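Only one structure is covered here, and it is reproduced in the block below.
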Amino acid sequence: MRSITGGGLKSGLPPGSLIHVGIASEEEAQLTVIKFNPDSLHEVELVKPFNLESCIEGDTVSWINFCGIHDIATVAALGERLSIHPLVLEDIVNTRQRPKVEIYEGYIYIVLKMLSYDRVEARLDSEQVSLIMGPGYVVTFQERPGDVFDPVRQRLRAGRGRIRGSGPDYLTYALMDVIVDNYFIALEAIEDQIEGIEDELFSKPSSRLVATIHNLKRVMIVLRKAVWPLREILLGLERGESDVIKTSTVPYFRDVYDHSIQVIDTVESLRDVLSGYLDIYLTSVSNRMNEIMKVLTIMATIFIPLTFIAGIYGMNFDFMPELKWPWAYPALWGVMLVIGGGMIWIFRRKKWL
Amino acid sequence: MRSITGGGLKSGLPPGSLIHVGIASEEEAQLTVIKFNPDSLHEVELVKPFNLESCIEGDTVSWINFCGIHDIATVAALGERLSIHPLVLEDIVNTRQRPKVEIYEGYIYIVLKMLSYDRVEARLDSEQVSLIMGPGYVVTFQERPGDVFDPVRQRLRAGRGRIRGSGPDYLTYALMDVIVDNYFIALEAIEDQIEGIEDELFSKPSSRLVATIHNLKRVMIVLRKAVWPLREILLGLERGESDVIKTSTVPYFRDVYDHSIQVIDTVESLRDVLSGYLDIYLTSVSNRMNEIMKVLTIMATIFIPLTFIAGIYGMNFDFMPELKWPWAYPALWGVMLVIGGGMIWIFRRKKWL
Amino acid sequence: MRSITGGGLKSGLPPGSLIHVGIASEEEAQLTVIKFNPDSLHEVELVKPFNLESCIEGDTVSWINFCGIHDIATVAALGERLSIHPLVLEDIVNTRQRPKVEIYEGYIYIVLKMLSYDRVEARLDSEQVSLIMGPGYVVTFQERPGDVFDPVRQRLRAGRGRIRGSGPDYLTYALMDVIVDNYFIALEAIEDQIEGIEDELFSKPSSRLVATIHNLKRVMIVLRKAVWPLREILLGLERGESDVIKTSTVPYFRDVYDHSIQVIDTVESLRDVLSGYLDIYLTSVSNRMNEIMKVLTIMATIFIPLTFIAGIYGMNFDFMPELKWPWAYPALWGVMLVIGGGMIWIFRRKKWL
Amino acid sequence: MRSITGGGLKSGLPPGSLIHVGIASEEEAQLTVIKFNPDSLHEVELVKPFNLESCIEGDTVSWINFCGIHDIATVAALGERLSIHPLVLEDIVNTRQRPKVEIYEGYIYIVLKMLSYDRVEARLDSEQVSLIMGPGYVVTFQERPGDVFDPVRQRLRAGRGRIRGSGPDYLTYALMDVIVDNYFIALEAIEDQIEGIEDELFSKPSSRLVATIHNLKRVMIVLRKAVWPLREILLGLERGESDVIKTSTVPYFRDVYDHSIQVIDTVESLRDVLSGYLDIYLTSVSNRMNEIMKVLTIMATIFIPLTFIAGIYGMNFDFMPELKWPWAYPALWGVMLVIGGGMIWIFRRKKWL
Amino acid sequence: MRSITGGGLKSGLPPGSLIHVGIASEEEAQLTVIKFNPDSLHEVELVKPFNLESCIEGDTVSWINFCGIHDIATVAALGERLSIHPLVLEDIVNTRQRPKVEIYEGYIYIVLKMLSYDRVEARLDSEQVSLIMGPGYVVTFQERPGDVFDPVRQRLRAGRGRIRGSGPDYLTYALMDVIVDNYFIALEAIEDQIEGIEDELFSKPSSRLVATIHNLKRVMIVLRKAVWPLREILLGLERGESDVIKTSTVPYFRDVYDHSIQVIDTVESLRDVLSGYLDIYLTSVSNRMNEIMKVLTIMATIFIPLTFIAGIYGMNFDFMPELKWPWAYPALWGVMLVIGGGMIWIFRRKKWL
């Protein structure tokens, strides 16, 4: 489970100091540039040392995707090339950011979390994605290779929809949209697991289930931290507070906003359901305890008086007239059967049997 | 139980891609048009291929009701005919929408959930209804045939009330009103069931009851997701933020707003009641446990010392003078009765009996 | 217990259809008019058919009190006489309204709940009161005869205070004030009952108490639904959003506002107290269980080993040398006393005795 | 415990009717006037009948302190002398007010609660203090003699600080400041008691503790009702909404505002701590129950099989060959020791011993 | 554990009375001045009596760090030198302040808490830091020597980053930044401890764990009181409400604001986790109880009927034909084995074994 604070902090360094905070990917950093306009599309995978000068060209929109933010030098070079504020660069390489949007003069900086849920290990994997949208370019910074952007790439290549003919704001929308859409996939996986628990909860409650519920609750806490800030972010973008976003793109951001509200709703609903599960577990356990106690009580209550009677006639007193009576033994059996049967009858009436 | 996330997602497609998300109805799509003005009313059931040109006429109000949003092609054709934004069309065919209102230039787009509660299966059925209100027309999109709009149709046919003489805004109000009124019917059914539980809760608490309470809690979670957004939607419409709504119709939307607040209030109250039920169940179970424990303790506490005494005089020591005394046996019975009676007296004083 | 949803719904009728929703009073509808100015007061009890023309006169303030809103025809006639919006009339005869204020041109429509708490049956009776305040008149609509307005009538008759010399806004204030003041009386009755529970809670917790607490919680839920909306209503009136209320009357509405806040505060506090009661009940029950378990454990732990020893010397082996020893029997008694005493000593040290 | 609703209500009287609501002090009403300017200070204790004319003089600030609001006549006379609104006078003599500030033309009316915590009886005593600040005067109304204003009196007499040279607004600040400072003293006393409970909670949880925790929770509810409204009151005063408060005094009200926020924070924190205590109590009780059950189970589990074996060889069958074997008795002891020891070994492994 | 109210209050003194509230450090007060401009840096450690005149010079930025606010005289002298409002000085020497920002004419006053978590004693140490930022100077007041400002000192000495070339607003930012960064360190330490608890919670729940969880919950309450106000403080500074903060520094305050939001998020998440722990503990304890009960019930249920049978044949009736049958004894063993085995089979089916 990813820790809540994050860990691996830097403290007291001057702001703008590029210190990678997070788990450094072991793979080589990758820089891919897709330059497109309505008519053409160029896709280049750069090799180190990256030549950043040609990334952005006048009449095309450039999508610069950089995987491997532990490569501080390249991040710094990109930042210099695009005149990004040092604090933004510092945030990009610090993977403990809270999702946020910051509007600077000439560009917008967005931080999001790319989430995926590992069903087998019941683990929520989170990767920080930073987007910088400026005039004619979008830069995405990822922690490691592998992302959810392939549908966008395919739409770009195929020239389907509005994406090729629109500016960087529409591309930003498209990228945020796939990220948020993937939250639904993670939520569905989590809900499946929750449904699975529910059946087990009634049939055979076990302490392992409590551990699973607890784990899912923690997953929800982490998930919630990732999705709650989306509301404000998208509200900000939808309201078109920045000139960088064209009016025609605003409805698209409103669409992502709607989706993010749905994600938040679902997270809250699933949290409610999980809380209910603990209650069910406790009542389930109480019921079991009751059942066990009932068995014990019935057995003990029937046999304790009978054993006492048997003990009486096991005493060795010289003068116990009953012991001499020939029909005493079968009579005693009769008495015992009446007592036992009476007990059972009482338990039936109390609905214990 | 309908899942909370919804399931059946599309991800990464270009916006405006018409992909039906939801359970496709097996029935043929139906398109019905009611054109009316104060003097006349024409009701047409179109057959495929639908001729959409004649749907809207200058001097009448058209209510176009389309059942079967899995028929993507017709939705797209209708969208083109009325110049609807592609994102709206995408939302119409995606049944996982959160209720919302979106104000576009020239038309308003409203998403609502039509709810019905199946008492037998204790299941909340939800159907998404999209309304588009533009100049001279209202289009309603439903998932499948069968709806709650019959009272509106009857009022239209009979020409009762203001409905024939008013514009599409009043028709929109009338449609939203019957949808919200039906929430009360669902809530009443749910409350009936809750009342039924309450009696059982005190008389015979069972783990089946917990399952029922849990199920109702989930129903409430789904219901809440459907009704909470109504508040904002109707507040927006009541404030007359769009030119499409006439001032004279605003009080009617305020009326629906009041109803939606009442629905929300009721949902919250029922949630409170359900939460209380679990507490009652737990205390009920605790009480039962106590009663069982008391029976066990009373039986054991009375007979354990008596059995011990019987055991003593069942010992085979050669020198046990009591065994020779002729009155020892009846005296022992006396002692035992005193001990047993004393125990019972103590339990009475402790109010255990 | 009055149901939460209300029940008895109308659905799908055209707005403004006067359909009485609620329990129809069996008594005849009553219409009383009090016309007053600083110098004179006329009180008339009208008989059916009501002559409504003379109700309102130029230079007097008329208070028209109508009991029996199930008499739809009279409500409609009154509405026509005073030019009330059809939606308002519909709300007046529907007793399931949420308290609210609506400002129309020329008049204000206020819905309140008149509450009384029946201590014997622990039941909260709620009656809907609609007030319409217009120029020169106040109309009050009640469900059935019997109300809390007598102090206002007496003040009017006696000409005490400002009431005779002020307009309909001051009369409205006076009527709302007695309604809100009566909430305190209901709350006091409820608090008395809660106090009574508290003593019993510690002395003899029973499942009947849980039912009572649960019932009171439901009463609080209903009460809360009636008082929460007051806050907004009175804030609206206090801010003088309507011309119908004179500036000099505003401080009086602020006074009622203060009272309503106090009612809300008290309701919330009592809810907190009731929630605490369930916790106390559960701990009380746990303590009892503990006490019972302790008795059982002490008895069993002392006698089980002793019974075992007695069982040993009740065995019939041919070679058990102890059985022959003359001092074996008294010695065994000694051993048993030591074991029993030791157990008691251990229990004392554990603070179980 | 002071009741939550208050009790002793008036209902239906005309507003401005001076009816004392509360517990009438048995002591005689007292009226003290302190007139001061930077140079001089006059302190007069008036006797009945109070001559109110001389209370306020042109060039001095008068602090009129009146103890004993059950003396309605004097309150009315003071009100007339200072032209106070009848509703304000009504509120002054009604001790069930919620803390509030009301800004009238020419004067400000403030209601506060003076709190003291009686450690011995664990009781929160609350006394209502009304302040009226007008041009050149401050009037304080108390329920009974004895207050927390002595430090202010001493500062006035000694001429220390700004107090003598400032106007009535600064005096108002000084009086509110000592009242709020005394909340901290009450809170400290409560916290001390809470700390005391904590130690006991782990060492010997008893049902008496639950009653104490419950009582403290109720104290917190009452305290909360007294301090929450302070926030708004002081925010209003700090924002200088009234002309009566000079700009130079505003920072002082901000200071009291800060203190009141601290009080609210502390109240909330202590409520959190108290809620936690009930959880601890429940776990403590559960642990005890577990311990008791373990003792019972260990004793029963060890001796039940042994007693069964002894019972076997206590049977009187004619053909039980073991009974004849000379080494059977010691062998049986061996078997029993092995069984008992094995049980103990198992319990050790399960960490029950 | 530091108390929640704080303790050691002053009450009723005139405002501006410099009374140290808190635990007086035993160490001598220290005054250090760092004067710097882009080109040079002078660092002076003053000795008593402090010569405050030379602290501030025209063309340099002075950072005056004062440790030991129990030295009232020096605080007063510094206050006089810089014309600080008496209320601010009073707040500086009162260590019970809530974090806040106050904007005065010409300077800003900020109160923060410097937190450190002692892992061994599980104790949160809190030290109050007051910052006054004016034209050309920043004064920091600490309770005792030892702080978290060393990284800032090093950056100043090294001339790294913007710090030497920027004004007092940037220095203020840098100081607040290290304080907030240190909250993460405290949170990480706490989270580590929480993680440690989790493992133990499932393996061996003990009442000591409950005490630890409770202690951590209290730590979170204290922490929360320190961090929640940060939000408002930094929002105020970020919005540049004061002229003292240059526009170019605003993004830096926004950065600290982001960090403070993250701290608050983490505190809330950890609180959620801790609350979940108590639930887990309770279910863990319930499970243990169940297990114990099961062992007891199994043992008792198997042996109680067997012991009863043995008791029967231990009776001394003269006429018990079974006792004479030669195969009765082995047959009885057979019966007993069948009964015992049957019981075990039933328990297996019930999944108790």
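Note that the chains take the letters A, B, C, D and E in the order they are written out, and that residue 1 is the start of every chain.
Heads up, the rule we're going with is that a contact is a pair of C-beta atoms (placed from the backbone, for glycine too) under 8 Å apart; a residue touches a chain by one contact, two chains touch by 3 or more.
Everything numeric in this text was worked out from a predicted model, so none of it was measured.
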item	value
Interchain contact steps from chain A to chain D (minimum; 1 if touching)	2
Chain centre separation (chain B, chain D; CA means) in Å	42
Rounded Å distance, chain C centre to chain D centre (Cα mean)	26
Multi-chain contact residues (two or more partners), chain C	282, 286, 289, 293, 296, 300, 304, 307, 311, 314-316, 320
Contact graph of the chains (line, ring, star, complete, other)	ring
Sites on chain C touched by chain B in the complex	3-7, 9-17, 85, 87, 91, 96-98, 100, 102, 204, 207, 210-211, 214, 217-218, 221-222, 225, 278, 281-282, 285-286, 288-289, 292-293, 295-296, 299-300, 303-304, 306-307, 310-311, 313-316, 320, 322-329, 332
List of chain A residues in touch with chain B within their complex	148, 150-152, 155, 160-163, 173-174, 177-178, 181-182, 184-185, 187-188, 191, 195, 202, 251-252, 254-255, 258, 261-262, 265-266, 269-270, 272-273, 276, 279-280, 282-284, 286-287, 289-290, 293-294, 296-297, 300-301, 304-305, 307-308, 311-312, 314-320, 351-352
